[in-house]
Structure formats: structure tokens, C-alpha cells
Amino acid sequence: MYKHRWMLAACTIILMVMTTFLPVSAQAEKVLYVGGTQSLTGPFAEDSAAVLAGIEDYVAYVNETKKLAPWRSEKFPADVKLEVLWRDDELKPPKALSIYEELKAKGMLVGRISGSPIALALKDRLWEDQMGATSMASGSYLLTPPQSIFTYYPIYTDSCAAIADWFKANWKESRKPRVAYLTADNAMGRSLEIPEMKAYLENIGYEFVGTQYVPLVPTSPPTTQLTWLKQKGVDLALGVMINPGSQPTVKEMVRLGMGPHLEYHMTFGVALPGHAAVFAEAMGELGDGYVCAGSFRSLDDIATPGIKFCSDLQDKYRKGKRISHIMYEAGVLEAMIQVEALRLAMQKVPFDKLTPRAVLEEGFYQIKNLDTGDISSTPLTYGKGDIEGVDEIRIDQVQKGKSVKVGSSPVRHIYTKK
Amino acid sequence: MLEVNNIEVVYMNVIRVLRGVSLMVADGQIVALLGANGGGKTTTLKAISGMLKTEEGEVTDGSIEFDGKRIDRFGPEHIAVLGISQAMEGRRVLAHLSVEENLLVGAYRRKDRQGVKQDLEMVFDYFPAVKRLRRRMSGYLSGGEQQMLVIGRALMARPKLMLLDEPSLGLAPLMVQEIIEIIKQINVDQEMAILLVEQNVRAALDIAHYGHVLENGRVVLSGPAEDLKDNEDVREFYMGLSKVGAQRSYREVKHYRRRKRWLG
Amino acid sequence: MGLRTGTFHENYAEEMATFNSRLRWGLVAALIVVLFLCPFFLSDRMLTILTTMGIAVVSVHGLNILTGYCGQISMGHSGFMAVGGYTSAILCAELGWPFWAALPCGALAAGIAGLLFGLPSLKIKGFYLIMATIAAQFIIIWIIIQLRSITGGTDGLLVPKPTICGISLTSKANYYYLVMFFVVLATITAHNIVRTRAGRAFIAIRDNEVAAEVMGVSLWSYKLQAFFIGCIYAGAAGSLLVHYVRFASIEQFPFMDSVWYLGMLIVGGMGSTAGAIFGVIALKLLDELVTVSGPILAAAVAPQAAASLALISHGLIIIIFLIFEPRGLYHRWEMIRAYFRLWPYSHEASE
Amino acid sequence: MTFFLQLIVTGVAQGMVYALIAIGFVIILKCSEVFNIAQGHFVLIGGYLGWTFLVLLGLPIWAALLAAIATAVIMGLLIERLMLRPMVGKPVLAVIMMTIALSTVLGGVATLLWGAEYKAYHGLLPTIIMKVGTISIPSESLIGLIVSVICVAILMFLFRYTKIGLAMRATAEDLQVVQSVGIKATTVYAVSWVIASVVGVIGGILLGGVSGANMDLANIGLKAFAVVLLGGVNSVGGAILAGIILGMLENVAAGYLDPILPGGGLAQVFPFFVMIIVLVFRPHGLFGLAHIERV
């Protein structure tokens, strides 16, 4: 009996595995897929889950109303149904490869990049298949050379340059301001360290001091790194750091008396993943002075049409389980871009002739001034070689526990495209 | 008190070590288990104390009864509580614990604090050498002292039956004599039954009431200690004594035959 | 035609033959043919899965020699893969070497790294060795980041498209053939290494180090040999992986991969060539199953359920195998074979 | 000079938390010869438990601590019963693999219950602000120091003067002997897992108060291994001293060498360098008891 149980178990497992490899049944209606890889495991898990929710809600909205957004008059073709297709890649490049092949085989025409390792693993393949993709990650690696991955906020170096511009504009003293990097110890954080960035900073009148690394998520306060900055007399610290990393860092900074309004004057600015709104909410007045470039608006900023739209989506499709994470906006945005690319492509190419290439060339490249209802800093424009959709960067600062817009700066395109 | 009925022991489902061993220990008796290496003496003790289970061994046949209760399915912790305590082979002191702590470990399952204290003094009375070292880390004791400590620890549990595995192994002859005498004394004073495994046959038979000889997992000879002491085979094989004057060549042939009969 | 039930060897050559019956020969040949034909009827996705499986098989064969046969537990295997991968990537990208020359160099470099980090194994074992190899993993990755000028640091390194004799290996089918060639090669060599003098020495060291030394096995030499050979496999696998992704980045060689290679060995069965393959297939299939069932589970329960599925299922599989089937799938496979071979008198062999 | 002193002070405070986590590891190792790779995951669970009780349920600090400890006790008992007991007597590798599997399962459970999210609870733990001249002492680390000292004192008392402590020390020496006197080894194992789990969870709450709870909290377990090796795997006192030494060395090395190195990030790998050096030159650590192997 023991042996039979074993065989039964083996058979069940084999059957289960087999069923997953069966092709999806052909559907009568016209279906297009939106979505792509998600990283529900790993450091971006939280962001990715919120993005997924945003994509799902936006797709449900388009399917139901056939509208693209409340403020837009264009209609999505009535006979085409959208479906969300996604797989968890656990932020492992080899896994992303097979997921990508699977989604492609299922007939997906647009892709999604959930983090820098995935971007690095997939960007060549996407380019070979001429598939356009939206991305949550935005390091300089996306630009070597600019390919078919599109971001909806500026890449990290451009964001940091915007902070440097803003800080320099408000610099009152006669001496050169001193700048250093205080950044996450991974590919994302280190994407700042390109020669062009340093050259730009020195060019606009900074004295560059050096770099300190903080673990992506520190398990102890980064006292050493901060003390070093203090000792070197740094005025502005730039970094790419996600929220879990910047909260303890800022907390320790305040404790050591470092901050724009504290006895040691130093400003800490991060490129987008710091999400000023979330940060302000979690830290309250403790986080005063923290600067974040390219952040999304806070989810309770209902006056903005895009944010109102997000809120309405949640009311409608997510009763009782509202997502408070700011990357929900990114999900809506990402779905918006993907759907727009598909819609534009369908205007030029008949439905059954749609290929990834057609969507890339007739879709993504043709997106001009896509009105996102101010979710992104500016309307989005893409083209061949132009993967950064926005051309202006919002700069927010935490003041009295609230995220406040303090300025904006044009995208500098720091990275010299090879 | 203890009754071992025709037990068979198999290790790792393959190696059969005991092939039908029976023995009895009556109240207040010292029973000696004798025999050469690999005969199954230690295995018999482990089967009784339940220690086999920690070494992938198993009693596959026969039964072990203690005070009328079958114990061959019990784990070592359970058996220890019933009143059997074992002093294992090789002076297994808890090296990084002090002497006194070692002894207290022996009395771990006892609830009567006063009794434990008295027994501690009793053990120190038996082994005055150990008393001087009561605060010392036991790993640094000499071989004889460690052996005393191990016996003392077994004693601390106030067992009804004590299993002693080769208390004389690797000790100087004088020390052997001392330990053997103390065992006898414990037996007399405490009226404690003792099952003694020994290679030092003469010393064992001096104090034992009854003896069994194990060869290849079988009891080949048993009887009162006095009889065994006089037994020609025992004398020859285990005490190295032979009849004076016997012709050498003949003796060797006979030796071989007799040996063969034993082992067969 | 039935299955052979006894030993029919009549001379030493037969005893030592790798495949001791015509049936075996036939099976192996058939398997190779099937592997060859795969690209003609399998989808790109299946080829991708098979290719990544193949790369893992090469790597796990190395780990099997080191851990399964020689008993030197390594939890830095992914780090050694990184050495191989980066070496060949640098040779190709910076020095313009051809792929066929860079791959063996990568393997060799990993082997040398293995020797270096294997040195502590002469003094330590068990848990301590595991710690040393974990340290190796992190130190290797750190050194790669430090050598930014040649490795690209955390940005990674673009690797040119691999070609062999003018044939571009960029198509999925071509690369699949390349990987399968290495899989077959690795399997045959791994299977044979165990039958050599060194292989027997490894097993002796695993079973009892002190006894092996007393019997004249030079621990010093053979342990290092095991590290060297095991890491050569890792290096080759790392090199294959890097050229497959056409990008070298430290994120391709995470610490957890080292752990899962060991997991594959346990599930498959330590110390058997077939076991290594079984383990890779089993865990990779589980991985795919988890990926596919993620969205379903997320819709039915909660998104977190999908995210935790991968971690929990992997952990549980290992736990179940450790408790109920510690000798791995290969042992079960042998049992089933014995069952059918002796059928209908097979009740003895079933357990 | 101020910079150096600041590094040292930070290092000591950090090292104390490492030590606390390392102690849990040492206790399991001493009693049952199990190398618990999942020790870092107890910390992870602890961090999230802290958030659950302090923020989600809004309990006062003492109640939260008690609740977390109670949860840790149950967790320790369950793990020992379900995973480790079937492994008694199995080879070292199998047991280690089991704890690795345990670590992924714990990670999965944390993801399932808390969605792998970053949960912060700044300012909910009591803090002591101290400044000596220009050097400031991290307040949470000071609390960590005090809690660690209390934990260690309790454990020392437990080991020296209680019956179960005696049984635990005896079990660490010789399992068979302990069984032969009627001590249930499984009880001892269960107690050691409970202690390790409680200590880990307390460490997790302390760290959670510093940096918030996140999946990466588990990585601190790897640093604790370096501490354990440096101190000697079977020495509780060694773990404390080694924790402080390592915390200091790590900070000084990172403070002075990081700016020179092209890639930086030395603090993260420094424990592993220490580990290799210790393994090569002094495998039983600074304070460990040398083990004599018998064939």
C-alpha cells in the first residue's frame, strides 16, 4: 500500500505539471494581454503587489467602460477584451527568461520589467523580438543602448541631477557646496555612480566628496556612514534608496543632528524610489527636510484628476481592501501606457496581424503627450531612443510631516547614450 | 526482579547481534556477564536499559521484564525512571560539568531533595577520592576517579538495579581491585541488584553470585559464580589458567575442539 | 524482453563497462536522440526551461562530486559559478576572445577559486566548512563588485553573442544544443570520475576521513582535487549561464541558488549521477508549477499567498524529503525498478 | 579621533545585537548539535511580531513583549516537534538542510502573513538618549545593549542554577548518558529551541525598532554566524565578546577602508573575511572548547 501511495502521489504531480504546459484554449473573443512579470518575492515585493493591483483595476475599468480615462475622449475598441497576465519571477533572472517565453507564446504583445536584474536579463531579448515593455526600474542600464523598455519616470541619474540643480539654486553661501553619494548597496543604488553624473555635478559647481553605501534595507542604523559625511562636511547627499532603507537612515540622521534645519546642515535627496508621500506618512515630522525627485503625488491628493481616478478605481474594484501603497499609481500608469500602445497599434494594423513589433513601432513609438491626469510629472512622450516618458521632474520635500512640491527641473539626460 | 527471556537484537535491520539470550537477576544479587569482545554483553545491557533505540538497534524477539512489567518497548528515559540505571562503558563523564554536577545529573528525576543530599554524602563516603574534587571539572579527573564518578552517578538515581559496563576497563590493577570492592560493598550496604559486565573475569567472579558467559550472541555457559570459577573452560579461556602438566600438543588440539564447541 | 535480474559479467571489461547491457545502451542512445529532436517539436518556452535545467544539471554534477561523493559540503557553489561566468564574460567582452576558448578558461578559473577556498577544508569539516563556503560566496561577489573596471561592478557586463565555428548560438535551439552537449559530457565524466582511483578516494574520505587517511588516501590532495573538479563544473555552468543571458551580473548568482543546488542534490539523492539530474528536474518543475499557479492562487486567496508559495513549497518539499525519503528520488527510482524486475515476486523489494 | 571613537561606540552597540542573535544559535548548537541556519529568520519573525503587537493591535510595550515571547515559545515548540525531532540521529548535512528549509518556510510564512511589506514602528520602543562629548550613542542600540545584558544574565542563571539548565548542559556533553539517567532529551531540545526562538524574536523587535521590519532582517543571521565562529561555537560568553569585537572591527574597517575601495560595501562582507580567517587559523574560535575527535 505504501508503494501505491507513492506512485499515486507521483502521478498527481506529473499530471499537475503537465496541465501547466498545455496551451491556453483558443478563445472566441478578441483578447489582448496586459501585465507581465512581477516580483512578488524579494525587495520589490511590496511595490510590485501594488503595481499589480493598479494594472488589474485599470484593465477592469477599460473592459467595463471602454474608456481610457475619465478625462479622455478616445474609446477602446468595443470588441476587444483586455486580460491581465502575470507571473511571479521572484526577481531571479533565469526565471524571468522562461516566464518571458511563456507569456510571449501565450500571445502577449507588451512586456513588463519589475526590477533591475530582470531588466538586465531581458532587455536584449525584448529588443530582438522587438517587443515594447514598461518598467518599474529605471537605471542607466536601460539606456545602453536605449532599447524597447519604457519608463514613466526619469532614470535615477536624471532625478539626482534635478535635486542637485534645485539645491544649487537655493545655495546661499559663497563657497562651493559639497556633495556625496549616500546610496543603496545594490545595482539600483549604484546606478548613480557613472562618470557623467560626477562630471555634471562638478560642472554645475559642486565639490564631489565620495560615496557611502547603506544596505538596501539596513539592519542597524547607518551611523558610520553618516558620521563620515559629517566629518567630510557634506552639504548634499544624493542617493537611490527605497523606503525601507531611507527611513532608518533619516531617523539616524536626525538623531545625529544632521538635517536642513538641524545644527549640522545637510540635505538628503533621493531619486524616485523613496516616494516622498509614503515616506512622509510613515515618518511624520521626524522626516522633515527629506527631498525626493520624481515622486508620485500622494494618494489623498484628490484634487488631481489622475489621483481622483485612482481613488475611484479603488472604490469600485477594491472595496474594503484599498491599497495604500503609492505604487498603485504606477500600476495604473503602466497599464495606461500598455493599453495606449495596443490601442494605437490597432488603429494602424488589423487585430489578427498584431505582432510585438507592430505594437512597438505603431504603438509605443507613437505615444505623444499621453495625458496621465498628472500622475506622472508631465504627459508622456516616447519615441525611438526616447525611453524616458517625462521631460520635467517634480521635486518634493517633506515639510512638517507632509510631502510638499518645492520645485521642478527639466530632464538633463545626464547619461551619454552609447 | 529482572528477567530477560530469549531476546534477539538486530542492528540497522541487518546485523543480528543477540540470538536468544536469557538471564535473570534476583533482588540483591550481583550477576556477572562475561565473554570475549563482540560477544554481545554490552548489547544485552543496552537492550535492558533501552539504549539500543538511540543506536538503530531493536529487540526483535523475546521479552525483557522488570518487576513483572515488560520494558523492551520502552525508551531509555522511561526505563531509567522505573529503577534501572546504567553506568556506560568508557567512563562517560560529562566532561565540562563539575564533579558534583555530574552526580546531580544522576539524581535528575528524583523529587526528594533531602534524599539527594544524603545520597550525595553517601557517594562521597564510598569514594572519598572524588569528594576532594567535587568542584573540579570532571574532564580533568584521572581514569579511576572518572570511573568512580560514573558509578556514583548511577548510584545517585537510587536504582533497584544497576547495570555496570566494564568498570575496570583501562584501569591500573590496584584501582580495579578498589572499584570491585566498592561495588561489592554497595551491593551489600544498599541491597542493590547489580548486573556487571566484565572482561576481568576473576575479579568479577570474586564478587558475583551468579555468572553467564556470552559468545557470539548466545549464552554458552551459566551457573553460580563458585561453579564458574572452577569451570575448566572458563579458567582456560578467560583466566589464562590451564591444568599444570598437560601435554602441549594434546592441549592445543583439545583447546581448539572445546573452543569450537563453545562458538558453534 | 525482460529486465535483467542478475549479474552476468564474465570478465573484468564487462564488469567495468559503463553500460552493461544492450538495453542500457539502447536507452541512453534513445535519450540522446530525444534530446536532439526536442527543438523540432517543443516551444521556445520549453526550450528555455530545458536549457536552464541543463545548466543547473552541469552545476549540480559538480556539487555532487564535491558534496555527494567527497562529503565536502559547499554552500558557495553559486559563487564559483560566478567566477566561471565572469571570467569567460570578461575574456569575451574585454579581450575579444572567442566563446569556445573563453568557456574552458572560465571553468579553469572557477576550479582555481575552488582550490583557494577549499584550502580551509583541510583543517575543518561539517558546519565549519559550510560557513567557509558561505563566506566564499559573499567574498567572491564582493570582489567582483570591487573589480569594477573590468567586471562592470553592480552594473554588470554585456557579453557579445556567442559563436562557434561561425555558427551563431543566439537562437534558442542552437544554444539548447550547446547546453545539452555539455550536459551529456558532464554526465559521462561525472559518472566516470567516480569509478577512478580518485573517485574511490573521494568516497572513502566521505565515509570516514580518519580511516581513509590511515589507509593511505592523501586527504590533502584528494580533498583539493574534489574542490577543483567540482568547481570546474560550476565554472562551466556559470559560463554557459552568462552567455545564455548574454549579460553577466551579480544578481544571477545569488546565495540562495547555492542553497537550492544542495536542495536539488537532496531531493535527487546524494552521491548518484542520475540523482543529480532527477533533483534538478524535480525542483525546476516545482518552480514552474509555482510560477504558473501564482496568479490563480492570488486571484483565489490573496496576492501574498502567491508570493509566499515559492518559499513555502520549496521549504516543504525539502522537509518532506528529509523526513520521509532522505535517500532521494534516485533511491525511490531504484526501488520501483527492482519492483518491476522481480515482478510478480516483488513484495520483498518494495521496501 | 572623534570619528574613530564614534565608530567604536557604534560598533559596540551593534555588536551587542549580533551577540544576542548569536546566543540563540549557540544554545541550540550546544544542546542538540544542530546548526540552526534559520536563526536569522527568528529575528525576521520577531520584527514583524513587534509591528503586529505594537502598531496593529496597539498594545503597550510590556504587553507586546509578553505577547511576542508567548508567540515565540509556541513557534519554538512547533518547530522542534514537527521538524527537528524526526531528524534526531540523522547526518549533519541533513539536519542543516532541514534548518535551511525551515528558514525558507519561515520566510514564506512572513510573506503570507505580512505580505513582505516594510513595516515601521519608529519611536515606539523606549529610548535612552546619551551623548558623551561629541560622540553620540545610538539610543536603540543602547536599549539593545541593556536588553542583551539582561537576556544573557537570565540565561546564565538558568544554566548555572536550575535543574533544566543542568540537564541542558549535560545533554550538550553526552546524549546517551543523559538518557540513561532518565532525562528526556526531547524536552531539553524543545527548551533550547524555545530559548533560541525567544531570544531571536526579542532581537527582532529591537532591530525592528531601529530599521523597521522587512524581509532582509533575516540576513543578520549570516552575520551572527561570523560572531559565533569567532567566539567559538559552544561558548555563550564568547559569543558576546565576539559580537562586540566584530561590531567594532566591522565599523572601523568600513569607516576607514570604504572610501578608498572602488566598490565600497566592506561592512557587509567583513564578517565573512573574519570567518575565513578564524576558520583557517583557529577553527574553534577564540573561546570555544576544543573538540577531540574519536574514531
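Each chain gets a letter, A, B, C and D, in the order it is written, and its residues are counted from 1.
Convention: a contact is a pair of C-beta atoms (placed from the backbone, for glycine too) under 8 Å apart; a residue touches a chain by one contact, two chains touch by 3 or more.
All figures in this text were calculated on a predicted structure; none of them were measured in a lab.
**Student:** How many steps does it take, at the fewest, to get from chain B to chain C if each step moves to a chain that touches the one before?
**Tutor:** Each step joins two touching chains, and the minimum needed here is 2.
**Student:** Measuring centre to centre with C-alpha atoms, which chain is farthest from chain C?
**Tutor:** Greatest centre separation from chain C goes to chain B.
**Student:** Taking each chain's centre as the average of its Cα atoms, which is closest to the average over all protein Cα atoms shown?
**Tutor:** So the chain sitting closest to the middle is D.
**Student:** Distance from the CA centroid of chain A to that of chain C, rounded to the nearest Å?
**Tutor:** 36
**Student:** Distance-wise, how many Å sit between the C-alpha centres of chain B and chain D, to the nearest whole number?
**Tutor:** 44
**Student:** Using mean CA coordinates as chain centres, what's the gap between chain A and chain B in Å?
**Tutor:** Between these chains, centre-to-centre, one finds 75 Å.
**Student:** Which positions in chain A are in touch with at least two other chains?
**Tutor:** 40-41, 45, 49
**Student:** Chain B: which residues touch two or more other chains?
**Tutor:** none
**Student:** Hey, what residues on chain D touch two or more of the other chains?
**Tutor:** Residues 111, 115-116, 265, 268.
**Student:** I'd like to see which chains touch which, written out pair by pair.
**Tutor:** Pairs flagged as touching, ordered by label: A-C, A-D, B-D, C-D.
**Student:** Could you please specify the touching residues of chain B with respect to chain D in the complex?
**Tutor:** Those residues of chain B that touch chain D are 49-51, 54, 56, 75-78, 80-81, 85-86, 88, 92, 94-97, 101, 104-109, 153-154, 157.
**Student:** Provide the residue numbers of chain D that touch chain B in the complex, in ascending order.
**Tutor:** Against chain B, chain D makes touches at 89, 163, 166-167, 169-170, 172-185, 289.
**Student:** Given the complex with chain C, which residues does chain D contribute to the contact?
**Tutor:** Counting only chain D, the residues touching chain C are 35, 83, 86-87, 90, 92-94, 96-98, 100-105, 107-116, 222, 225-226, 229, 233, 261-263, 265-266, 268-269, 272-273, 275-276, 279-280, 283, 293, 295.
**Student:** Residues of chain D touching chain A in their complex?
**Tutor:** Result: residues 2-3, 6-7, 10, 14, 17, 111, 115-118, 120, 122-123, 129, 136, 138-141, 207, 210-212, 214-217, 219-220, 223, 251, 254-255, 258-259, 264-265, 267-268 of chain D touch chain A.
**Student:** Tell me, which parts of chain A touch chain D in their complex?
**Tutor:** The contact residues of chain A facing chain D are 40-43, 45-46, 49, 185, 210-213, 215-221, 223-225, 227-228, 231, 243-244, 247-248, 251-252, 255-257, 282-283, 286.
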